[in-house]
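Structures given as structure tokens follow.
Shared between the two complexes below is chain A, which pairs with chain B and chain C, respectively.
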Partner chain A sequence: MAELHILGQLAGGGGFELPSLLCKWVLEAGPNFRLLEGITAGQTHCDTPNEGEPAVWSHPMDIHYAVRGIDGWPRMRLEVYGVDIYGRTELAGYGQCTIPTVVGSHDLTVCTWRPCGSLREQMSAFFLGGVPRLKHTEIVSSAADRFRLQTQPSGEVYLKVSILCKDFARYGVHC
Partner chain B sequence: MADGYQPYVTYRIADPIENLQLQVILRKRKTRVSAPVDGAAKRKGSPPRRARELERGAAAEETPLQDDPDDEGGEEGERRAAAPSADGAGDEARGGADEDVVEVARTTFRWQTKAFSPTEVKTIRRLLDDQSTGRSRVLSRLLGRAAESQVSTQMYKLLLAREREMEAAGQLDSYAGEILHTRIHSEGFFDEAEWSMRLTTSRDEQETPLAREVLSGTSLSAHRLGESASVSMWILAELPSKDLKKRGAQQDGSTFLSRWRGRRDRVVDNEATEAVVLCTLRLYSGGRLDVKPGLSTDPSEAPAAGARWFQLAGGRYEYKIENVAEAPASAAEGEENKSGRLTRKPAAAAAGRAVPGLDFQMPPRQSAYVYHHIEILKTSHFGDAAQYVQFYALAADGWTIRPSCVVNAVTQTSTVAGTQQVATFGFPIELMLESNGLPASARPPLTLFFSVMSVDLWDRHRHLGYAHFSPLAQSGSGVFEVAFWKVAESRGSAMQSFFVGGAEEMRDLRAIALPDGFASPCLNKYGLSTDSSGKMYLRVNTLLQQEQETGAGAKARARPVVAEKPPPAVRKQRAPYRAIKDAHTLGASSTAADLVRRRLEERTRAKLVPQAR
Partner chain C sequence: MAEGGSAMEPSHFVVMVTGQLESGRYEGLDSLYCRYAFAFGDDWKVVSGVEEGISQLSTASGSGGEQGLLAIWNFPVDVTFRATSAHGWPQMVVSVYGSDSFGRSDVIFGYGATHLPIAPGRHELYIRTFRPLASSLWLRFRSWMSGMRPEFIDSLFPSKSEGRDVTRVQSFGVVKLQLDVTIQGMEALGYQMPPVQRTPLQLHDPFLACN
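Up next, the complex of A and B:
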């Protein structure tokens, strides 16, 4: 059985409209990946960056999988929330990214989006808060059709990930 | 359907589908009123409603307040649905001992076997009575039985056959229907909750025109036109409506019609009931079986992992779906009893060779697995209108895309932002390819065809560009920029596009890349006039898997294959992946430059031979 180590950190996020940001993350993997050690979900602290600078989370990750096949490679699902000046917590964006399949260190940039409502809802969200959210966040990392979903671009999340593989070459997997 | 988001789970059938035996167990939690019912509905013998309510009130007094699901509200139900209980056998055993968990029904279904609900049986019998009494169809319609008149003669025959079976079995009672029943493919059924499901909390989200047509009943079977060829079956449960509603929860479906349909509860024995879909099965060619929400016991997992119980809306009922044919067969049972086994797609590689003593899926000998995980990050410079991307994947000759992969899809519609007109998608495409023996051509195993389309304020769609992308069959990660082009517009078509909408389209997207089966040495696209449009950014992660050949035997086998000295790029490979290497060798030896050089050499030799003579 091969093993996969995912080390790194949720470095930060930028380009969002809200001043203070936090991020919820979940690492999903297929049935071929069995968690040996580590935590596959978490939430960062709420960071208020200086103006024009990205938020800094530096949220650590250290996950160890036992691998039975290459199908279902882990992917990370992100939900970014922001806190405005009135203390209201709002959705800032959803995003997802695949953990790189190549051994080494990687700097990833995850583009995020969020559902956009009607003009009335946008006005309501501006004055009262409460932007539309997904009812089922599994849609973010699903490859199924999303033709009914209307979204708008949001900011970016920065990830620093290092990948270590053990015994993959033994099973003919080149990574 | 089960509460919460439930995607389809794909399985591969190792045996004929007729051997499939799906056992559904429905149980009710936190109540002491329902007596266990085995299979057929025994509603006639149940106590009156008032008495049962009193009995339930007494039970609620005995149990602590926080244990009463009625007091938990909708949020608690959703919380439980988000994490399906995996208590498995232990919980099931507890179900027998604990009075708070009562098994309501347990039925085993075979593929395309019709089981009737109590409502269906009553409807069919009423129609038979109407025909015998001579009541006209017009009168039935006036009495609000328009839907009932759609019951086909096939249903009559199936019901009669079912009654004959009961008579043959010695059961004198007439067939009253079953709580757990089925809808088969020929009935043209559709899951209303699936079509009217809302993805976001936005009020702006509306049903698609196709969904509206289907849900309104004007074109009940029209939606099948766009579906891929599959045979469907649904397993439903007819349950009291009051048990399925959450306190304070809003019903799905935004339109008046869907709300009205949701309230249109059927009445059986003076008690409002509602049919909820527990499981949807879709069988595709090639042995692919999609099950929603999946089997409770994953064949690829250890039995000790336990079975999942899926929860219905309202939080009172939960159910389990298992393939009985998957149960371990005893030694006395023959091989035929072991049939009907399902294999989860990732475990389907067991058809290949497994390394003894190790549990890693290996590809068959002389073939390779290529695993692409592609993400559509964003598009840029496509204009100001909201955009979406549609794609489809095509495997080259000698390669097969696993049936569980999504080969064509449409992303969400994204508005653009910034001066670069960036639209963000973050859409994953996961494709796993398997080579059928050694590759026969030098082409990359996968080609993705993209089309970017825009939607304007008047809901007019138009093509903004086409592109194709062929990720290399090499392990690696990277972000790629794909440039798009669109068919050039004449002045007339540009005006038509501006005022009326629409744009020139490609009839066959395969013509965007190298056409399938193209063998000519020159691909001439001179007749096609195009304009450059925007760009798309893709993040690609690729993995290769192939058995490593070691020892002198591998070298001896590999030697005659390589006719020419491989180019430096091939020699730099870190591992001898022969299938991929052969493809590179083929590609390196069949270029036009090589052909020209060989012909020149032949001509030179032909000139030299007469001189030598």
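Up next, the complex of A and C:
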């Protein structure tokens, strides 16, 4: 069976408004991808960078899949949270990215977004904090049900991903 | 020697990493030294070279040009790994220590980690470092007073992904690495080799720049 290695790190995030940032991540793959080793979900540490610098997470990933078919290629879902000056944890942004299918090292930038909410929710978030979040975060990585969701842009998440494929050529897969 | 191993039954590949721990940029700090170690999985073994090292203490004086003040270590790295699987690909863990503005020595300034490049060739890597913060404001004040900053008990903690959700850190500073990676026998195991990383074209003559 062919094997796929995903190595790399969740390097950091920048462009968010909140001073301290952390990120929750999940790697989702279809049924053709069977996890052999590694951790496919996690949460980074909370970093408070100096003013004007991006947050550094440097969260390592090392995931090993056995691959039966090429569809259902892994996809990463990201949720960025920030801690404001009062110590409250707030949503900073949602994002998703597909893991590259090309062998080699890649620097990825994921642009994130967050829901706006109604005018009333925006007012209350402005005065009291607590921006609206999604009830079902699955829609972050699915193409369904996004219609009529009003969002606003947020910061960027930086990923360093290296892809290694084993025995793909034996099954005639080009990647 | 290598041919003999692969002619029978290829079971492992060899990764050789040479290069240097070049410099660190920590604005406002004067004397710095850097420790490095490798963290790798169970399928990996060091066959030659040193697994860890401590550089000299370098002052950061005006040599960096527009990049700010750099502490130059120029510390050699030369290690060869043998592996049966790519899982657990080695990571280099660096920790930077030095003296703070009160003259206290061996204060931690930053931890960092990165995977070694998977592509053969010459690589320039930058590791942004971070240091853990004390959990409460009072402990933070006390550590500031005493100069005893919190450190990770496990020095390889930056290379692990578990247990991070309870850590609070502050990021500061960059370490620059320059590494050459050579890989032998990976293709014979069925791995598809990533393209070789070439040295970026140098557009200026370094001897002209530093008249």
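General remarks:
Here is the rule we use: the second predicted complex is superposed on the first by the 174 of 175 C-alpha atoms of A that agree within 3 Å, B and C clash if a C-alpha of one lies under 4 Å from a C-alpha of the other, contacts with A are read in each partner's own complex, and residues count from 1 in each chain.
The rule is short, and it goes like this: a contact is a pair of C-beta atoms (placed from the backbone, for glycine too) under 8 Å apart; a residue touches a chain by one contact, two chains touch by 3 or more.
Bear in mind the structure is a predicted one, so any value in this text is a computation, not a measurement.
Look at chain A after the overlay: chain B and chain C fit there side by side. Of the two partner chains, chain B and chain C are each touched by A:Ala169. Contacts of A:His64 after superposition: chain C is touched, whereas chain B is not reached. Of the two partner chains placed around the shared chain by superposition, chain B is the only one that A:Ser141 touches, whereas chain C remains out of contact.
Of the two partner chains, chain B is the only one touched by A:Arg133; chain C is not.
By the touch criterion defined above, A:Ala125 lies against neither chain B nor chain C after alignment on the C-alpha atoms of chain A. Applying the stated contact rule after C-alpha superposition, one finds that A:Leu35 touches neither chain B nor chain C. Within the superposed three-chain model, A:Glu53 lies in touch with chain C and out of touch with chain B [touch as defined at top]. Remark: in the superposition on chain A the angle formed at chain A by the CA centres of chain B and chain C amounts to 150 degrees, rounded in steps of 10.
Note on the superposed arrangement: chain B and chain C approach each other to a least C-alpha distance of 12 Å.
Comparing the two complexes, residues 169, 175 of chain A contact chain B in one case and chain C in the other. Within the complex formed with chain C, the residues of chain A that make contact are 5, 7-9, 11-12, 20, 22, 36-39, 42-50, 53, 55-56, 58-62, 64, 103-105, 160, 162-170, 175. On chain B, the positions that touch chain A within their shared complex are 4-5, 7, 198-205, 208, 298, 300-301, 344-347, 349, 355, 358-363, 369, 371, 373, 375, 377-378, 386, 388, 402, 406, 409-418, 422-430, 432, 475-477, 539, 541-548, 574-575, 577. Those residues of chain C lying in contact with chain A across their complex are 41, 85-89, 91, 112-115, 117-119, 127-130, 133, 158-162, 164-165, 167-172, 189-195.
Looking at the complex, you find that chain A touches chain B at residues 1-2, 30-32, 67-73, 75, 94-98, 100-102, 106, 110-113, 115-118, 121, 132-136, 138-154, 169, 171-175.
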